[in-house]
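The same subunit A turns up in both complexes below, where it pairs with subunit B and then with subunit C.
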Partner chain A sequence: MSSVTYTDFIEAAKNFIEISNRCCDGWKFIEHDKDKCYLRKETFLNYKNGDYERLLKADYVIFYKESYCVPSFSFNVWNSAGMLLSLDDIRTMSLISINKKDFYSVVTQQEHPIFQRPYFIIHPCHTESVLAAFKDKSKNIIVTFLGLVCPLLNINLPLEYGM
Partner chain B sequence: MLEAQNQTEIIQYVPFSSFVHPSFWHTLTEMKLEVDKLKETTKQIFGRFTYRCDIGSVFEVDGTSFNKTPHLEQQYHHVMGTIMNKNTIEDFKSIDKASLLNSIGEMIWSNLRERTWITNPSALLNFFILSFADLKKFHYYYWFAFPAPSQPTVHMKGRSTKISDYFNNKQLETLSQCYKSLEENQKNFFVVIKKNDDLSVKKLSEVFDVNSANCIDLDLVSTYFVFADPSNGCNPGWPLRTFLAALLEYCPDLAKSTLQVIGLRSSMNGDFIKSLVFSIEIPQDIKPVESAGWVGWERNDKGNFGPRLANMSTSMDPVILADTSSDLNIKLMKWRLVPDLNVGVMKDTKCLLLGAGTLGCHVARNLLAWGFRHITFVDNGKVSYSNPTRQVLFNYQDCLGGGRRKAEAAADNLKSILPTTNSKGIVAHIPMPGHPIGDSLKEETIGDIKRITEAISEHDVVFLLLDTREARWLPTLIAAQHRKIVINAALGFDSYLVMRHGISTSSDEVATLDKQYIEGRYLGCYFCNDVTAPGNSLRDRTLDQQCTVTRPGVAAVAGALSVEILVALLQHPKRVDAPALYNFNKTEQEIPSQIEGVLGAVPHSIRGFLHSYQTIAPTCTKFKQCIACSDTVINKYREEGLDFLLNVFNSGSYLEEVTGLSALHLSAEMSEILTLTDEED
Partner chain C sequence: MANDREVLREIWDGKLPICFHLAQEEIMEIQQPDPFYVMVPRLSYFPLVIDKMKRHFLRFISQENSDSEMWLDFNGQPLKWHYPIGFLYDLYCGNDPQLPWTLTVHFTKFPEDILLHCPNKDVVEAHYMSTVKEADVLKHRGQVMSTMQKKDHNQLWLGLQNDKFDQFWAINRRLMESHGDNDGFKHIPLRIYTDDGVYNQRLVCPKNTDNSRKTLQQMISELYPEKSNVNLRTHGVIIPPETPLQWLSEHLSYPDNFLHLCLC
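Up next, the complex of A and B:
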């Protein structure tokens, strides 16, 4: 099973940014260290629960997970006071489109390998095997990866990425 | 229809909603701790808002707000403002908010009167934060204000209209292009002139003359006053308020006229198609700004004029971070591997460790790793120079000055590993059977017994980690009487024993021998084993001799297994009554389902032999004549209390008489003699 190398990741990331800039999707490519680059996007989220409406901000980071040789998706969400949402908040607010029983096998909280702060990490099911299956057919491995993640987080992936 | 178009209503400005990035609090804290310290400061900071049409009227600050120059972001405008950080909550609460806002407003207004805004339109934007940072709790109280004069009051003629009703695509394209070439500080407020079909963009300084006291010959029909509009609804955003006030101060002759205002709103791709045009009617009498006060304090979440609180303790307080991160380890086990794991039970279980030596230290470390947070040590000794290398909670410092009390040092050092641990040390000596107590020590011994009894009764689990067999007797009896979970660990040079005790039962029922397992409550204790396995090999006998020298690995393994057995027990639905298999080597399919808990079946005891790298898991029932856990002994203790105990301590043979063991030994000797006699024949 061929896996995604770091070089593959960087190449796909740079490609991804070009598309993002074209459709103004807001992603940025950040070179943290020589071997720690990542994609980042900050965006507002509108949370509605019946009459209750709240504005939140989400920080999405796509980085490379060396030990598994796959891209990894991490995020944090905070409210207007700057307070970070807890894992339980994320679960009960159904910000992730998954039934509560499966929640913990998909989302976990870990110390982020790059930022050394707690972040939520998503494990889309069978990332490695799906990406390996698509590796030769996919034009951009990160777009394929996001295609697995976006439905979970209700993120809209603009069509431009597929073209 | 026409009337509706001409209907005027007092203009409703859309106020800003503050939005703070967590990094703002981090930087504020850093500055307070390292730069300002006790000084109460008023600092210049930057905030920003976007004129994107898909985002509402949000005003953002983050860690970069404290930078000397702001970090430019696309489709955002930066605003220079002030933060006033108070040193106490009382100062924060007691400061007069209305007069504070007015004095800020007065300062802004006197600047505006000098008309520097004509050359530097960004000067029309302003914001203020009143704050108080409680850096012990990481609670941040804050209140945003966006100062604007309450006068003049203007009216909006009809509803706002789309910009495409006024400009065609070519003109909009021109607008976009010219906008891009404006300098940053000109982009907030500027003027658009549409003559015939030509559209031109002009800086404010190209339209207004700073020096001229008088007015302008602007053709109001072809002139549009433009402002970057944070609002994305049908009403204009907050910046327009101060803009209009400044315009009317500069040119009072604009009274009784209608101004065309463009609220500039950008789409994602940078075009301005979503912008709106407002028709603003200026009243005849323009009330001067100085006549009325200033408005702009932000309403809080409840819609009242009051401050907001950012409780950042869960993400910023290092003690809380250590605590939640440690808990996370256990939760990950549950989420990923053992979904039925009860993570709360470890936190709630109180553990008493009798002995803070090699075993005690290893057990404590493993308890911490499993999420136990209530740990008490009982030990009479002091840390000596030989201890730190093997007793993993002590270090060199603890040995100095005669040596710290082990129980206390162990408790303190646990807290230095995880501050939220509830750890305590009790200094007490455990009296032993057959070790007589002299009159001079009687009172102290009674005190020790009392404290040990209290400690056992207040905890859920007792770990027997002592260095002699005799010292285990008293706590075994007390724990049996109180029906506590007991985990017993003993070491030999290269062997170990880890076991769990059964608990006392009220019935006389004894487990039947032909089952595959023994119910937990019928399991034997340390002393049951001792007698029911007569004639132990020499190797077993070297277990638990005081001052045994052991291979270091033995203590680590035994300590770890003790905790693993406890957790397996706690995770079993039957807890201390969890059955123990006779034969632990059965394959998984053969184990009856009622035996297994979440972490599998729980053995009665584990004996390990480092010499051969083997372990066995023997199981045995209670012994009816056990010197520690039999009904005879427990009842005698219940009836006679302290007197019974003192008798036991003072005589080496008392217990064996009480339990009838002396008779048993005699009969065993007799049968030996008889056998030999037979053989000789």
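Up next, the complex of A and C:
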């Protein structure tokens, strides 16, 4: 079972931040505790669906899940009235056409291990097997990881990260 | 191996008397509803034991809220339904026991920055199973859960939901076995909570570097070197500091396979 160590994660995260700063993608590296660091991006999204358009606020956090030895992706999205979007709202925004059952098996609302507040989190089991396949070929494990997550959650990943 | 059946049984049978009151602002009728009393298993979760209580209060609330998500508070503190009931009681009332435990029921103003949504019992099951899996990853690199069949996973949940000790432990004992050359788990699934509800989850080994069994006291000294006289409570009791962690994990874990310990 291939795994990413915490040191691998930190190294990839610092590298990731350098790229983010260069292309002004807005990610921050935060040291929560001596052994709990994470990447965070708070941003606004302009979601368009045909004629329908709305402004949303998103909070993305990439952190290290110690029990599973993998990076983990967590997020929350609020509408302009400050209400949290439901999991089904997120699913309909996905670039991938995915049914409820499948989506809910990959993304669930959980208590965030760092903030201990509700966040939507992508299941580590799914990340683990895909990352294992890419581990030796990937220049930055977090970029690879985000590459998997972005289409599912309709997040833009600038090309600069791949260079 | 969780050998001490008497201890397992005693933990399983633990119950708490709860008194539910409907929040004043929810009451739409002139007549005040009676409080609802019920004895609940310490090891269960609130969404599994509140059906009758909900029916009891439904006719007193505004009809437009009858499909809203119900939530509970104790002294203004919203209760996290995904924590076992007995643990919540130890966390908030451990130092100051008060029975029956009096809780307030709400149908509006769901605190979505604090509580997870729980639209149905499947969500409780999904949460429970994912915690058991995480515990198995910590103990056995996930090997026990991944070699079990779906029907075994279901039996764990059904055993818990229907209060069937033998049905539950027929499967759970496999999760309590040590594997390979270790005569213990790789890591002990545990969370230590301070009285504000914040928890600390660390990688803890059941053995010391000299291969001796690590005791609770030894773990406390490692995690809280600057504190003296630290006690941990679980299932309503203060744990003797000389208790080996391996034994504690096998016998005093909750059905989710984690030790949930309150710092006091």
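The working rule: the second predicted complex is superposed on the first by the 145 of 163 C-alpha atoms of A that agree within 3 Å, B and C clash if a C-alpha of one lies under 4 Å from a C-alpha of the other, contacts with A are read in each partner's own complex, and residues count from 1 in each chain.
Convention: contacts are C-beta pairs under 8 Å (C-beta built on N, C-alpha and C of every residue); 3 or more make two chains touch, one makes a residue touch a chain.
Worth saying up front: this structure is predicted, and the values here are computed from it rather than measured.
After the subunit A overlay, clash or fit between subunit B and subunit C?
On the shared subunit A, the partners clash.
Taking the superposition on A as described, I'd like to know which of subunit B and subunit C A:Asn49 touches: first, second, both or neither.
neither
Can A:Thr108 be said to touch subunit B (first), subunit C (second), both, or neither?
A:Thr108 sits against subunit B and subunit C alike.
So, does A:Asn154 touch the first partner subunit B, the second partner subunit C, both, or neither?
Touch status of A:Asn154: no partner.
Using the touch definition from the top, say if A:Tyr68 reaches subunit B (first), subunit C (second), both or neither.
The second partner, subunit C, only.
Touching A:Lys57 in the superposition: subunit B (first), subunit C (second), both, neither?
A:Lys57 sits against subunit B, while subunit C stays out of touch.
Scan A:Ser80 for contacts with subunit B and subunit C and give back first, second, both or neither.
The first partner, subunit B, only.
Which holds for A:Ser129: it touches subunit B only (first), subunit C only (second), both, or neither?
neither
Considering only touches as defined above, state whether A:Asn21 meets subunit B (first), subunit C (second), both or neither.
In the superposed model, A:Asn21 contacts neither subunit B nor subunit C.
With the two structures laid over each other on chain A, which partner does A:Thr92 touch: subunit B (first), subunit C (second), both, or neither?
A:Thr92: touches no partner chain.
Which one hits subunit C, of these parts of subunit B: 23-31, 221-229, 239-247 or 419-427?
In the superposed model, subunit B runs into subunit C at 419-427.
By the touch definition above, which subunit A residues appear in both interfaces, subunit B in one complex and subunit C in the other?
83-84, 86, 108-111, 117-118
What does subunit C use to touch subunit A in their complex?
80, 82, 112-117, 126-127, 130, 133-134, 137-138, 141-142, 197-199, 201, 203
Spell out the part of subunit A that touches subunit B in their complex, as residue ranges.
Result: residues 23-24, 44, 55, 57, 78, 80-84, 86, 104-105, 108-111, 117-118 of subunit A touch subunit B.
If we count contacts the way the header does, which residues on subunit A are in touch with subunit C in the complex?
1, 66-68, 83-84, 86, 108-111, 113, 116-118, 123, 125
Could you please specify the touching residues of subunit B with respect to subunit A in the complex?
Result: residues 17-22, 24-25, 55-56, 58, 140, 142, 268-270, 308-312, 314-315, 321, 324-325, 328, 332, 334-336, 339 of subunit B touch subunit A.
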